[in-house]
């Protein structure tokens, strides 16, 4: 297992490093970097010259990358070109909102998705299974931004039971996390169902019945435990979807998180802000994937106990 | 034999209802099993041997499969009339089975010891401590070296032969009267096979259980079985004592099967095989299922053959045998 | 994840393959509803000018915000600038089809090429490409798209580029898996022994046997591609804001959702229906062509 974990950590570090390279190159290969990095008030020709020297843009590329990397590792992402605030501060103020939203969404998806998927398999082809399938199928086909808008229309404007936007009390979490969760839930349900069906068909389940174990016991102990493994892997994969979805959901619900920060930055061509958001997202994404993979190695004895 | 058979299967029919038609996986078979004996069931894949076993255990895959007719008498009681929970009590405790692939028979995420103990706990819910000793005993009774250390291990840490022994140990842990072995040696190396068969024989001597040994290998039949039944396309075409079968096979299919097993002591120019293909089970001919491939076929074979007695304890379903009906 | 490559991979000529494929498709029960929907979309895309009742960019402030069903002239109503929604939907189909299919083709091309090379050659090339695939797969797609739009601007080509960059990796991984199985088969070994050069082997022997998986994976991914493209449009990273693209239409309707609810409703519904149709079609295709293939991640 040690080897597996070390390999995974290495992979994560490589991905993060590649990310920094991509971000760095994007700025420096698409026109004058100074324009991207300098606050607007300094963007006069003389001001730009001064900033160029200050940012070391006359140094060789490799050296610039080194400085860039050093800054990033220290948390210095430059200053927003719209208001001069350090991108890091903006990041710090926005990060909690997104983390909470992502956790809520992912939590909801797993909490409901896993049991629903497994139940679908156990009660195969029942009414329950049919409804679950329809729910999942729509979750995967309907665009999140549209679902969000329709739900806001219904719950906030028409029925007036939930807030339409902004982050506030617990009820402001309900719609955004549901929208975020729905499409992921769909994937989880599908996977839960198919892996459960596969497991229920397996030889060890048959043997468990042959031994004389009670059906309930067979399901709870043997089937469930084995189905958790692919679900865990899938959760790791769907992290990317969570991030994707978070951006859209934040926009529609005016949620003050990194996603919106990223979008605003992109629209304003505010590169330091974009840079901060991208690197932060990448970092969290890689770390959480890593944690999930390590958890997975722990749970699956085939990996845990491999010489 | 004077005793009553411990298992008596009468006219068992297990059919599958699929979108492509009805499949008669087991079609009107009858046989008996006496206490302590080893009965072999021989046939090609698809002949219905495994489904017979699943029918006895009450685990025919639903909803497509169903037992549509016949009786299965275990100690005089018809298993087909039992409720699901009654059947569950019989499984493991009275009748148990080991399957072909030990790698998939054990759950990869639980320890070996855990899976033995959970079986032991079915009969008595004492704490694991008491069961642990018994589990270690079981492991050594199937000749697993250093059984203590194997308890916390996982099945992927063991060789195939050892796994199959563990499965065997679990199967007999509740001392069933009937043990069904569904091609348990197919996935094992030849040398390991012999050891395993010996282990099974020892278990039988220790516990007095009857064994139904499902296989396609006549060598194993010769080694292990007292009596044999031959299945083809879901039907039982011949039953005999082992020596009778080898000496004078009555059914053309049995004859052909035996002929196609090469004899190491004799040089031959070519290897006889049976003409044609086994039938697909949803498209069976009326009458004798083997007729299309039978070298002795004649008009009467269009009718489903009765069972005829060849000699005491030796019957076969073939019109060639004419004479007295069983 | 298993592939059926080893069970159906052959060395037959393209004609024979096509014939067998046609036979299989003919015998299978076609999913008529998805096919009808997809056909309609394609027809709309191709013949938008003929089908649409109005010009999608025709602004008429006097006719703004007509509700659906009020007049026969505007069956689905008009938007805040008086443009006919039905017409914009029809033209939007064209945008969706073009961007999705081109991205699909590009991504499939890049992904398949890299997948075949990676799977067949093995060694460090394989390792390198797979690192790239893992990194690309692990990336939230919108992030990549945003980066591209930031630096290269908006516009159709850039959207296509963004979508391609995020989906090539899925093709690469699937194809590579298939190739790993195929290259162990006898006819490939035979070709190697007789001295056939590597590029020829990859093209003549490996690639044709990968098409099956490729087709199934493509049909399963189109839905996601459409959703990504719509999201980018919604976020304003897409084409110019006047364009009749479904994602943009939903965005336009957002601020007036209370009064002009149909402006956001219909385009979103269109997206959902099309993606559903593609997903169902993809599932059917997979069941018919390649039942052992697990669904694409």
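List of remarks:
We call the chains A, B and C, going by the order they appear; numbering starts again at 1 in every chain.
Rule of thumb we're sticking to: a contact is a pair of C-beta atoms (placed from the backbone, for glycine too) under 8 Å apart; a residue touches a chain by one contact, two chains touch by 3 or more.
The structure presented is a predicted model; accordingly, all values stated were derived computationally and were not measured.
Think of each touching pair as a link: the shortest run of links from chain B to chain C has 2 of them. Chain pairs A-B and A-C differ in how many C-beta pairs are in contact, and the one with more is A-C. Centroid distances built from C-alpha atoms place B farthest away from chain C. Averaged C-alpha coordinates put the centre of chain A at 52 Å from the centre of chain B. Chain A and chain C have CA centres that are 23 Å apart. Considering their complex, residues 57, 59, 88-93, 96-97, 99, 101, 104-111, 118-119, 122, 154, 156-157, 167, 170-171, 174 of chain B touch chain A.
Of all residues in chain A, those touching chain B in their complex are 202-204, 206-215, 221-222, 225-226, 229, 299-302, 305.
Taken together, the chain A residues at the contact with chain C in this complex read 11, 14-15, 18, 22-23, 26-27, 30, 137-138, 140-147, 149-150, 152-153, 157, 190, 234, 237, 240-241, 243-244, 247-248, 251-252, 262-263, 265-267, 269, 271, 274, 278, 281-282, 285-286, 289. The part of chain C that touches chain A in the complex is made up of residues 131, 134-135, 137-143, 146-147, 149-152, 223, 227, 230-231, 234-237, 247, 250-251, 253-254, 257-258, 261, 264-265, 267-269, 271-273, 275-276, 279, 295, 297.
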